[in-house]
Every structure is written in structure tokens, then in C-alpha cells.
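Inspection log for the structure reproduced underneath, given as C-alpha cells.
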Amino acid sequence: MLQGIYEFIKSIFEPLGDYFIGSLVPVGSSFAADIDSLIALIAVFVGFWGLLAYIAFFFLIFRFRRKDGQRAKYVTGEEKDLKRWISWPHAAIIVCDVVIVFMAIMVWYNIKQRLPEADATVRIVAQQWAWNFIHPGPDGVLDTEDDIDTFNELHVQEGTLYHYELVSKDVLHDFSVPVFRLKQDAIPGRVMKGWFKPTITGTYDVQCAEMCGVGHGIMGARIIIETPEEHAAWMSQNKGQLASATTR
Amino acid sequence: MDVAKQGAARVGDDPLNGIEMAEAGSVTVDTHEAHGHEAHHEQSFWSKYVFSTDHKMIAMQYMFTGIVMALIGGYMSYAFRMQLAFPGQSVPGYGVVSQGEYNALVTNHGTIMIFWVAMPMLIAAFGNFLIPLMIGADDMVFPRINRLSYQIFLISAIVLIASFFVPGGGFGGAWTAYPPLSANAQYNLTPLGATFWIVAVALEFVAFLLGGINFITTLMNSRAPGMKMYDIPMVLWMIVIASILFMASVGPLIAGAVMLFMDQVVGTGFFDPNRGGDPILWQHLFWFFGHPEVYVVLLPAMGIVADIICTFARKKLFNYKLILFTVFATGIISFFVWAHHQFVAGIDPRMANVFTVTTLIISIPIAEMLFLYIATLYGGSIQLTTPMLWALAFIAEFLIGGVTGIFLGASGADIYFHDTYFVLAHFHYTFFPIAIIGFYAGITYWFPKMFGRMMNETLGKIHFWGTIIAFNCIFIPLFILGAAGQHRRIYNFQNFPDLAGLQDMRVFATGALIVMLVFQVVFLVNFVVSLIKGKPAGKNPWNANTLEWTTDSPPPHGNWPDGLPNCYRGPYEYSVPGRKEDYWPQNVPPDTAPAE
Amino acid sequence: MAEHEEHAEHGQSHYVRIWGILLVLLAVSILGPILAPHIEEAAAGVGAAFVKGWMITIMTAFGIAIYKAYLVAANFMHLNIEKRYITYLLATMLTLMLLFFAGTSPDIMKHEGQNWENVAAEAEVDRALKSQESDSHGGEHH
Amino acid sequence: MSTRPIATTRSATGIPTGKLAVWWVVGSEIVIFGGLLASYVMHRLGHPEWAEYASHTNPWFGGINTFVLLTSSLSAVLAHYAAEHGDGKKAAKWLVGTCFGGLIFICVKAVEWTIEIQHGYTITANGFWQFYYTAAGLHALHVIAGCVIMLIIANDARKGRELHRVELIGIYWHFVDIVWIFLFPLLYIAK
């Protein structure tokens, strides 16, 4: 049922989310629209309250500007009829907060807590200041002969659900793919797991979003999202070989 | 607090009992004379300006150090913004910004602006200046500890600046200093810079712990006779609550700083995963302090704004008690939200849900506080003087900072916004109102009291509009850049094909920054000119109620040479019906029945 | 202050008495882990097998530490006759540390959680336990 | 000290200013040690292998030091008792006694650490030992600082001046004692 409520609220804000964020960055993964809609929902809620506050603010400044011979009112703010101007918005804000919390947690759960069944797993190894991507190869399994190891180039297939295993060799890094709306820190000594499912094709940025030293500003990679045919072609070209050996 | 008991006690009456007599001793009686006597002495330059124990002089020292550090921080922002707008080109007045230098600049810009500008200017400068004056005391309770606090602070500032000139250059691991990058010279390539940085920060904490103890005890113990809990001006409440928050939250980070220092210097592995340590631990230690720290700097600015709004709207603060409770609530909840800075930084995803809820909860008292401030304007007689403009601008700008925070507190949206320019623009919309607008509001309001002369209103307004408009022009584009996925601390976005096209906006923001920095010259000119030739202010130029306006401007040593004032009513009794004047100073005895 | 006189009556002998109690407690806390195995055996003998050695150690170590701290705070620091809110202040600080522990331990104390695994720490635990085992097989050090 | 401000002599809370400040110092110290010890406990519970490392500490050294600190605390409280009754000379004597306790504590610590370091248990040996040295070292710094301040106060007290400060340093000293009361089982006993 929760999922139903979530889907309903999301569907209301989806076009707006697409307008706010989708117009700047392509919507590239199965959960990107969820995040965009959440952002739109928050924007509408806080925008409403912010606007209201601004209207009240500027109205009061204008209405009660200094006029000769007119004294200010003496009110303590503890009068019932005045206090309700505070307590009603207060209650309404709590309601808004509850909705935001609910939506935020649903999105969070879907992206970070849940780990849906994967079609393939990629290993992402971050180091100062580059990305190594280990693709599972045609057999879809990591740590086999046909793994494809690339450098600063991640090849994925549209419509395939990937798990990632994120590790770091030295310091903190952050695997950030704006088109996926995905971000996860890589922590030395830990394996961070997660998932994504590309829904468009093209070549986009992978960024490192955690300060990682002098070369942090050049630590970008490209993610290449291919159609199944293109992906198969790429795999057969590089099968079993460490592509990184040639590009490195 | 049983202040009521000693409500009517006069100065010199000893409210202490038993053993405590030993402390109060004979000093109470003759202090007046001692002060009067001293005021006539010519003090040497050193004892008057450098090694002074007078709270006003220490406040000035903090303030001017803060201004110098703000100029340094502003210069840094100029250098790295120019690099972003015109990558690789030589920046006039700096030179070519290399990658390492860029990192060091952004790191130290953040560190300086928070620890060496916001804290000394808002808490230490205004706290030192206002607390004794507003509670009707002659000084802080521990003048020498106060002096020590400033001296340690000064050393910490020098150490930080020195970190730029050691081999390897300044520390470039972001102001959050996440290990292993910050712990290991092999990774950060600034072995000495990183150590200087952590030492400077730790020293600064010690300075503010000493200062904080002083503020807290002074407000708790040394209020004028008759000043009850709800008679304390809001700004003092907020400064002291901020000090308490600081004191209660900074401990783990001091422990963390010791551990990080040991990692850097001794070679331990507290945060080194290869040797049984855990880098995530630092993040928790840091943010357990880091989030309350936001409120540590926010609250004093909120307090300054409260006092100014009341004075220039000639209104009583709207529901003083409720505001106070929202402050308490904010303070308490601020300890429960820290991990929202770490949503995607490797904490267990289940914990993120808890921290999302607490983060959204904290928005409620803050929103309520802002509503109450806006409600204070209702029925007022609003005079748009320069301090009032700054105070109102604080509310207007902080509102944006507040509402954009919701995006980041909601875990789902934070996956996308974490560490983008959206975050950056968000916290500049909070910290700029706090540190800069709050400071300008305070300084333009209390300048007459500090230096005995009025500031120039025309120059003040030019400065105000130039700063505010330019400020919005800097950061609104950055919100858009953040929404487009541009992440922080990158020295050249041309390296990222998807981001390279947004260069116009960066150039625009940089241009606005330069305009804003140039407008600060107006302030400095106004400051210096008013200092020399401003109109004499008199005791109470704004017709305000609080006790500091009842003494001379600037207050002499000992603040009230003719005897300390008593307090008879709350601080915001403006426009009381039936009185000729629309203000009613706290120290004026009631003309009819005795107060309360 | 009435309480104050009462405490003055206790006088020096009161402090010495508290000190005596503290020393006894100290002795117990040192002997605790030494005696723990024996107590465990004895308890098993009388049918109280749920009493384990580590329980005794924890109790004698931390239970007594808390009680000792209480004695010192109440009697030597005079918290018992101090204004109430000083106690609240100190209790608040302690509570904050519990809060810090509660918020942080899921990431630090545990080495595995939802979608993450601290492989370095696990490997370290493994390695160290193995080497300790082989050490103790190789010959007792102590 | 004739220039002590009137502010210092006021006491709206009913607690003398100096004492109130010391309580706040203690409060801030609680969170400093609390942060360090909380970090230690987290690691300790997550690393079963640390039990073996901890077994190389010598509880007798720790025990002797606990005894020394407890006794010095007694001496500090007796100094306070004397000061309360206006006997500055006696208070000074007890304070010097307390300092002597602190000195013994540091000496025992020095011997203990020397032995441990000779056995290869240095600060970089492993996780346990780094916490061991850092926590105990931070505590030892507090002991040293306390001793220095105490000597200054004892010197004043001897001349019958600033007697109220005897209680203040006493509170601080007891706090240092309490920290050790917790460090002792954490570092020496729990195995």
C-alpha cells in the first residue's frame, strides 16, 4: 500500500521534476525520475511556504513602515488571536514534513537499501586519481577469465540491471553519475554495494565527488551506455583481455 | 535559576553565603574606587591595546582579527573563483592557480570563514562586547582567561596562515579533512600543511572553550540585580546557548583532532583501514561537532537580528518565551542530526532514515523562529536604517538557505545533491547571512556604542545594496549549476565534458563576486571615516532599551563608573501604552508601583 | 545551608571512610578477573551454571567503576550538596556521549551492514586471531 | 587581584563564579574523554582479537596507580576541608601531598610504559596500543597540568590567599581521578 501511495504522489510531481532537473541532466536510470520527482515535491512544498513567508514579510514591512505620529502596537505575541498565526502554519509544516520524510525514505529505500536481482555485476576500483572498471564479460560473472578491465571508461548496456562493488585503493572517492542521479562514496577497506539500471544510451560523465587529493579535479571518467548489440560487439572485441593494458 | 530571590539586592550587598564569602571577600567594596582610579591612569600602549583584560578591548581584538581573516578568506575566494571562470589563466594579484593550490585555497577559505571569521566575529567579538554591557556588569567574570582565550586564538590564526608558507604548501583536503587523505602525507602531499592545519583548528577550539566558559558563567552569575531569566536580551541568550552547544559538541572532535594528529605525526593508524582503523570514525567525530557548529554560529546572528528588529520596529519581540523555546529545541535537536552530512559517505543506509527524520524535525523550530521574527514586524513602526536593512536581509536570505536545506536533509534527494554546488550554494545562503550579514547588522547597530560615533547612513546603504544584490547574483547561478550535477572542489570543469558548457554561469558568478568584494571597500571606508569624523553618538542614539545604551559611548573602563545599573523590566518594552517615550530602558525604575 | 553543616559534621573521618570503601572496591575490581574462573566453577557446582566468568569480570570492572565514580563525584566533588543543575549538566554531557555511541557504532563496531562490508577490518580480525592461536599453540608466553 | 571585576563576585545562580566555571570545564572534559573512550569501546567490541593484546597490560601497575590517585583525591578533599576552615597552611600541605601523588602516578606510568615499549608494545604496534597510549597519555597530561596549577594554588594558600581555589582544583582533580577510574577497567581489566 505504501508503494501505491508513493507511486501516486510521485506521478503528480514527475512532470515538474522532469522540468526542474531533467531539463538540465538527462534522465538516465530507472530511479532517476524518482529523485527528480522528490526534488520537485520538496520544491513545491518549501516554495509554497517560502513564498508565503516572503509575502508576509514584505507586506508587513510595507504596511507598518514608519509614519509620523503613529505609534507601534504593544503586543506580546502571547495573545491567542495572534498566536494562531504562528501555530497554524506550524501544524501545517509538520504535515508537509511528514510527506517529505515519507517520500524521501521511500526513494532512499529503493536506491540504497534494496538490492534487486542483478543481471550483471561490475567492480569499480577508485584510486588516486583514476577509475578502474572491471566488467564481468560475456559470462556475466566477475573474477573469471573473460573479465574486461578498463580504465576511466565504463561500458554498460541499456536496460540491464547492474550491481556495483565499489572499492578504493587509497583514500575516499565518490562514484557519482549525474545522469543516473547516483552517488556513493568509495571507502578504502570497505566494499560498498549498490545497483543501477541505465535506461538511455549515450556517453556521459562519471565524476569523483569526494575530495581525494591534488588530482581530484581531473578524476573524471566516461560512462558509455550501449544498446545490447553495441555492447555485445564491444565485449567480443575486448573479450578476455585487459583493455586497461592498452589504454593505460 | 533563583534570581528572583536576590532581585532587589544592590551591588555590594553580598548575595553569597558561608564559605563563598571567602571568595567575595573584601574586593567587592573597593572595586568602584579601584576602577575610578584606574581610569585616570595613562595606560601604556601595550597594556591598553595588546595585553588588555578589558572585555571591550578584547572584543575589538577579536573583531579586527576576524576582519583581517575575512579579507584573507575573501581574497582566496577571489583567486579560486577566477580560476573557475578563466581556467588556467593567470589571476591578477595571485598568479596561476595550480591544482594543489586550488585545493588549498578552497580548504582554507572554508576553514577560515567558519572558524576564524564567523566564530570570532559573532560569538567572541559581540559576546565579549555585549555580555557585560547588556547584563550591567563591569567586565567578564574572568578577564585574564578572556585575554588568554584571545591570545590562543591569535596564535591559532598565525599557525593557519603559516601553513601556506611551509614546504608542500597549505592543506588541501577540504575543510572536513576526511582521512585517510588528511592523515597520510603520502596521499595529501602536504605533510606540514596538514599538521599545521589540524594544530590551528585544535588551538582555535581551546580558545573558544575558554571563551565559552567565560560567556556562560558571566551570563549565569553576573546579571544586574533584578534581571531575571526572561529579562535577558535575546542576543545574549543565543550567544550563550551557542557557547553551550559548542562546548558540548566539540569534545569528540578534539579527541578526533588528537587522533588525527597522532596519525599524521606519530604514525598511528586510528583512521587507516589497512591498520585496523576506520576512516568513517572521523566523519562521525567531525560531524557530531560539525552540525551543532552550524547552530553555534547561527544563533548569535539570530540574536543580533532579534535585537535590531525590535529596536527599529519599536516593537516588543513577538512571544519572547516561544522564541526562547524554539532556540532550546533547536539546540537539543541539533545533536541528533549529524549524520545527514554522511548519507552517501558510507554509513549504514538504515541509519540514514533515522537522520532524515531528525533533520526534518529540526526544520520545524527554525521555521517557527523565522515566523516569529516576521511576526514581530506586525504592528510596528518600521524604520529602514542601515542596521535594520541588514537585519531584514538576514531573514530574507536565510529563508532561502533554510528551505534549500530541506532538499539535502531528505535522504532520497541528497543522493543527487550531495557534494554538488547545490550544497555549496545552500550553505553559503546560510553562512553568508550568518557571518557577513549578521556581522554587518551588528556592527552598524553597535558601532555608536563601540566607538562613540555614528556611521554614515548613505555609505551604509550603498554598501548594503551592493553587497546583497551581488551576493544573490553569485549564488543563484550556483544553485542551477548544482542542479545540473556540477560537484564541488574541482579546479577546472573543462575536464568534464558534460559540465564544460555551463561556463557562462561560472563567469557570471565570478563577476558578481568581484562586484561584491569591491563593495566591501565602501564599508571599510565608511568604517574608518566614521571612526574619525562621524557624528558624535551620545548615549542612546537608537532610543533602545537594553542596558548597554545607558552608559557613555564608548563605555569607559568598568563600563558604569558611577555605579552599575539595576534592571527592572524586560529588554523589549517598546511603545508601551501610556508612556510619553516609545521606549522604556531596562534600568529606569518604575514610576508608579514597584516592578513585579 | 543545612546540608552544608551536615556534611561538615561528617568531617575528615567521613572522607577517610569513603576512601576506605574506594580501596576495597579497587581490590575487588582487581581480584574480579582473577577469581572469575573459580567463581564460575563454584557456581556451576551449586547448579548456577548461568553465571559465567565474563559476567563477573564485567560486573567487577564496570559496575564497580561506575560505583566508584559515583562515590568520588558525590562525596569528594560534593555533588550531593551541589545545586541540582550541575548534576543535570554533567548527566547531559554523558548522555550526549551515549548518543554519539549509538549513532556511530552501527558503522564502526559492526563490520558488515546493509550493502556494505568492512573487509579490511574483517581480514584484520581473522589474521590476528589466527596468529594468536598459532602463538598459543607454539608455547605459552605468560 | 584588587582589580577583580564586580562581575566575578556576583552569583545569580547561587554557585560561586569560579566553581560554576570549573563545573563547565568538567562538562567539556567529559565530552573530550567521552569521544575518545566511545571510539575505543566501539573498536574494542568490534575487534575480538584486542582481548589478547589487552592481556599484555599489567593490572598491578594500573592498580597501584588507581590506589595512588584515589589517595591523592582524599588528600585533595582534605585540603578543601582545611581551606574551608580557613587553615591555609594545612590546605597547602595537603595540596602538596596531592601533587606528590600525581608525581608518583607519572613515575609509575613512566616505568610501566618503558617496560611495555621494551617488549615491543609501542604506540604503532596495533589498534589497542594506540588507544592505550593516546587515552592514558591524554589523561597523564591532565594529571601534569593539574599538578602545576595545584602548586600555584598551594603557594597562594600557604599565604592564606585565594583559599576558595583549593576547592576548585580539588573538583578538577577528582574529575581526573574519575577518568582514571574508567580507564583502569577499560584498558587493564576487561580482557
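Going in written order, the chains are labelled A, B, C and D, and every chain counts its residues from 1.
Just so it is clear, contacts are C-beta pairs under 8 Å (C-beta built on N, C-alpha and C of every residue); 3 or more make two chains touch, one makes a residue touch a chain.
In this text, all values refer to a predicted model and were calculated from it rather than measured experimentally.
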Request  = Write down the chain pair with more C-beta contact pairs when A-C is set against B-D.
outcome  = B-D
Inquiry  = Measuring centre to centre with CA averages, how many angstrom lie between subunit A and subunit C?
reply    = 44
Inquiry  = Centroid from C-alpha atoms only, then distance subunit B to subunit D, rounded to Å. What do you get?
reply    = 33
Inquiry  = I'd like the Å distance between the centres of subunit A and subunit D, where a centre is the mean of that chain's Cα atoms.
reply    = 49
Note = Cα centroid separation, subunit C vs subunit D, in Å, comes to 18
Request  = Hunt down the residues of subunit A that sit against at least two other chains at once, touch-wise.
outcome  = 112-113, 188-190, 192
Query = So which stretches of subunit B touch two or more other chains?
reply = 248-249, 251-252, 273-276, 278, 280-281, 288, 346, 349-350
Inquiry  = Which positions in subunit D are in touch with at least two other chains?
reply    = 13-15, 24, 27-28, 30-31, 34-35, 38-39, 42-43, 47, 84, 126
Request  = Let me know each pair of chains that touch one another.
outcome  = A-B, A-C, B-C, B-D, C-D
Task = Enumerate the contact residues on subunit B facing subunit C in the complex.
result = 17-18, 248-249, 251-252, 273-276, 278, 280-281, 284, 288, 335-336, 338-339, 346-351
Key: For the subunit C and subunit D complex, residues of the former touching the latter   = 8, 11-12, 15-16, 18-19, 22-23, 26, 29-30, 32-33, 57-58, 60-62, 64-65, 68-69, 72-73, 75-77, 82-83, 86, 89-90, 92-94, 96-97, 100-101, 104-105, 108-111, 121, 124-125, 128-129, 132, 142
Query = Where on subunit A is subunit B touching in the complex?
reply = 20-21, 24-25, 34-35, 38-39, 42-43, 45-47, 49-50, 53-54, 56-57, 60-61, 64-67, 70-78, 82-83, 85-86, 89-90, 93-94, 97, 100-101, 103-109, 111-113, 128, 170-172, 174, 176, 178-179, 181-185, 187-190, 192, 204-205, 207, 209-218, 220, 222
Remark   = Per the touch rule above, subunit B residues touching subunit D in the complex are 1-3, 6, 11, 14-16, 19-20, 22-24, 27-28, 30-32, 34-35, 38, 132, 137-143, 209, 212-214, 216-218, 220-223, 227, 247-256, 258-259, 262, 266-270, 275-278, 281, 285, 288, 558, 564
Remark   = Given the complex, residues on subunit A that touch subunit C span 112-113, 115, 188-194
